[in-house]
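As written, the chains take the letters A, B, C, D, E and F, and residue 1 is the first residue of each chain.
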Amino acid sequence: MSLLLEARDVTFRRQGDRVFKPLDVELAAGNAVVVLGPNGCGKTTLLRLLAGILQPAEGAISRHAATAFLGHASALKAELTCRENLEFLRAFHGTPGISASRALSRTGLTGLGLRPARALSAGQKRRLGLASLLVSPRPIWLLDEPYASLDDAGGELVDELLAEHLAEGGAVALSTHQRKPKLASPAGELWVQRAPLEEPA
Amino acid sequence: MSLLLEARDVTFRRQGDRVFKPLDVELAAGNAVVVLGPNGCGKTTLLRLLAGILQPAEGAISRHAATAFLGHASALKAELTCRENLEFLRAFHGTPGISASRALSRTGLTGLGLRPARALSAGQKRRLGLASLLVSPRPIWLLDEPYASLDDAGGELVDELLAEHLAEGGAVALSTHQRKPKLASPAGELWVQRAPLEEPA
Amino acid sequence: MIPELEYAVYVWSSYGIFAVVVAWQILQPVLYRRRLMAELREEQALQSGEYDDPNP
Amino acid sequence: MSLRALPALLLRDLRLAVRHGGESLMPLFFLFAVLILVPLGVGPGPNLLATIAPGMIWVAALLASLLALENLFRPDFEDGTLEQWWLGHLPVTGLVMTRLLSHWLITGLPVILFAPLAAQMLYLPDQALGVLMLSLLIGTPILSLIGGLAAALTLGTNRGSVLLSILVFPLVVPVLIFATGAVAAAADGFSPRAHLGLLAALLVLALTLVPLAVTAALRLNIE
Amino acid sequence: MSLRALPALLLRDLRLAVRHGGESLMPLFFLFAVLILVPLGVGPGPNLLATIAPGMIWVAALLASLLALENLFRPDFEDGTLEQWWLGHLPVTGLVMTRLLSHWLITGLPVILFAPLAAQMLYLPDQALGVLMLSLLIGTPILSLIGGLAAALTLGTNRGSVLLSILVFPLVVPVLIFATGAVAAAADGFSPRAHLGLLAALLVLALTLVPLAVTAALRLNIE
Amino acid sequence: MIWKTIKVGFHRLGSAPSFYRFSTVVSPWLWAGFALCSVIGVYYALYVVPPDYQQSDSFRILYVHVPSAWQAMAGYVVMSILAAIALIWRIRLTEIMAMMCAPIGAAFTAICLATGSIWGRPMWGTWWEWDARLTSMLVLLFIYLGIMGLYAAFDDKRKGARVACILVLVGLVNIPIIHFSVEWWTTLHQGKTIRIFGESSMHYSMMPPLIWMTIGVKLMFGAALLDRARNELLTQDRRKGWVRKILSNKGD
């Protein structure tokens, strides 16, 4: 099992203070990690660190494969149609996967291709975000609350997509509150803890 | 038990088509209704209809008390601090309730009063939305996915707030996917169903 | 004492501007420090380790 | 239906304008940009500057007003604040008028207050200054009203700004023509009465019609 | 690191500009606002108009560029599109340059294309038209570059537009001075070489420095 | 190797409490040095040096104009070096010091502009002209102000400092433009006349006050910088224990 992502003792600082206690993260091919913790403990911050969007204040992160990050804001343009959004991302990320149409039907959005993303329901927006993972396959998936706003079928869809992705040798880290992924081999758990205030020596 | 909100055979039309099958809704003081259905079936649309934000294409709605609506976007100004947001809403809705400070501490945001709303985590934003219900008490609460992005403690907080609100003679309609409210007397369930395409006679 | 130069207005106003600006550079840190210290001491006196929410 | 919502909204709008900064200083910024750039580009001949002064000051006022339009309802629309207006216990037309007032306070008033300085810098003849101020006082609220209508009408489309400009421009040109006409008349020693009267009539018309139209437009677009 | 992202981004930006409209028509709108309002305010004397023509056309270009700046990175920042740039497999500086190119295509190019018409309408002497076009061709990319830097630097602040203008303005005024200087020289029959050379030097400097600085600024602000 | 030393040095000094102690001790001496130099310099400038045969007494403005101009530029270079270190190694102390250079540099730029303008009135018959030297100096003032504004606009001071440091480095290109503007373009402003080393076209009797004033201004820059940096450190660490300890130790 090859290591796709490795983080040693990472943390982030805001206004000079650590956000959470330094953490180790390892994502190997076929591995899933669930990031857990109460509101405001730093889950989103950790995932953004792992994605390379934030730079760690301490520790080191090495990624050995292309990364996909799906945040609360799903990186969609409200003015573009669902199809245009997906087609743009497919070309943009440089590793074209399945076509926009197939991604739409895979995520239960058949028939909404010409709808501007702005006119989707909350759950449909999240599904379009999932579709954007499919049009440009990248081995490392970092998903921030993928289950939020999804109905039961949507939750199962996420589980299926995760299972397929892991089976293809991908790795996943995801944060979640209420629903945990149901996978063949149970996912590792990672608890994020707030850091106490430090003092200079 | 007095009726606070009553809707008969309501539905909404987008581009001429019904969004969901016409529904009856009744909210009496002390009553809670859970609005259920798959993604995109029209739960948000229904709640916005009940709130008076949308006008029904068919049917009639009568509300006999002041209404509060909490949507996906929590009606917060990102540039204002948490406290300023709450103080504005307290004055704006005309029925001042508990002070901003107490609302903050009630929703677990103690110490974040001076933070701009923009710099909150996803769950903290939802909590601030809940706090905005407390600073301006209105009998009818219409909550769109209040549990989304909240941790377990947050979910319990919502349940407590609901219980208190019902005990005070309020009424609640809320949509939800994964977590259902745990209340003393179980909430009524209302399933929203997509309307089939109509054919002209 | 003060030399009666040709172009006196120009020369003296230049030196005056220099003096005023330099004086401000000396004073600003002192005044700021004083205000900051007073603020900090007040904060400490309130003994609120966190800087927020007087009455939860 | 309590009216306490109105001052609360006005205060918050102004606070946001100050906090966000952009809106509250933009008009002045435009005024001074015009004051600095025009002499730079045109050359500093007093006569030349004096003739173009009213036009330039009015263009600055127009730009400031136009620029703030995109932010008149859209941020509230997007963050869900606007839909709170329709919960039933708020006087919506009052809120609309309050919002338009704050738009004018932010974009129109600063230009009026700094107009004397601008007039001085552009060598506008003294006898024209009073008329310039008066024309701004009557005319800038019209800009806010017309602009507000355009902003409300285009809120639901994603083709906002072009449509907005296309809507606003023809309505605004007459205002500009009458206003600069009044100032030019005063500068040449004629009476600006006729022009100003026309402006005032436009203002009254806009004041009575626009708030209702804006309310209706918002209501439709929020769906 | 594939370069296919760059045309994809450019296409999407232009499509959004056309769809959203505002940005793509604003420059022309300003140009024509100036063309219509200035003669109205100034009176239609050909000589007068000719002297202020280059300044006015340049002011229009400047305003158009400035107006589009708020939308250069902020929408992408807010909807989470911008953070996708840093996932590691994209050439970020290339993306930055693409974005700046699209800003220029939207705000600079239309002004250049319509400058001959504007020059005609303002009676600019024919021998100055070529230099005007050349000055716009060299100068407007500088406006886009400097503006882009300011937009990137102020992205993380809540005081966007004022700060942005404060940062942009002093850097842009020299461009305006040299550019209008060149046109004025040409109109008076002198050689505009020196001024244009300066402009070109500024452009080269900005082209080498700005993309890197913007990348760094975005990276920091995204936190 | 040398970089490593610098880095370690900054880290050692960079601990907030030790920098605090260091600056408390050093800054009064710098202020004293400034007072001494400037008193001597001003005395020479106004009483000792004979009037110029061309400019009469107006040239005495030179002794505030030129040191301020030099310091405005040197201050910017210092700020840029600190900014580069801050961006490369993320050392907080250099971030703070770089940011605190801006208001002081802006002050000297303002002095240079004001005195230059005052001097220009009798010499050129105008307060202001859009020539390359004057324009680029005005741009310097705006860059300084922009840096200050940018830093102030961030809630997170460390982030603000790093973003502003980028602006600092970009603005550095303006410095050679200011310096060489008189050679590259024909300007109203006088060309290079003063050389500390080698042949100066300025008479030697006019040199001493210039040297005194220049040294004095440099000391002042250092003193003000230390004072401001110390204050900024206190502000940023106001919730930390070491600040509380200082507070309870000293009556101050």
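Structure notes:
By our rule, a residue touches a chain if its C-beta (ideal position, glycine included) is under 8 Å from a C-beta of that chain, and two chains touch if they have at least 3 such contacts.
Keep in mind it's a predicted model, so treat the numbers as computed, not measured.
Both chain D and chain E derive from one sequence, and where they touch, over half of the residue numbers involved are common to the two copies.
Among the pairs A-F and A-E, the greater number of C-beta contacts is found at A-E.
The innermost chain, defined by the distance from its C-alpha mean to the mean of all protein C-alpha atoms, is E. Computed from the mean C-alpha positions, the centre of chain B lies at a distance of 37 Å from the centre of chain D. A separation of 25 Å divides the Cα centre of chain D from that of chain E. Centre-to-centre separation of chain C and chain F, using mean CA positions: 18 Å.
Within chain D, residues 19-20, 40, 158 each touch two or more of the remaining chains. Shared interface positions of chain F, defined as residues touching 2 or more other chains, are 130, 155, 239. Residue positions of chain C with contacts to 2 or more other chains are 51. Listing the residues of chain F that touch chain E in their complex gives 87, 130, 135-136, 138-139, 141-143, 145-146, 149-150, 153-155, 159-160, 162-164, 166-167, 169-170, 173, 185. Within the complex formed with chain D, the chain B residues making contact are 48, 51-55, 63, 66-69, 71-80, 84, 88, 91-95, 138.
Note for the complex: chain D touches chain B at residues 2, 4-5, 7-9, 11-12, 15-16, 19-20, 78-81, 83-84, 86-90, 219, 222-223.
Contacts from chain E toward chain D in the complex involve residues 19-26, 29, 33-34, 36-38, 40-43, 48, 51-52, 54-56, 58-59, 62-63, 67, 70, 158-165, 169, 173, 176-177, 180, 184.
Residues of chain C touching chain F in their complex: 3, 5-8, 10-11, 13-15, 17-18, 21-22, 24-26, 28-30, 32-33, 36-37, 40-41, 43-44, 49, 51.
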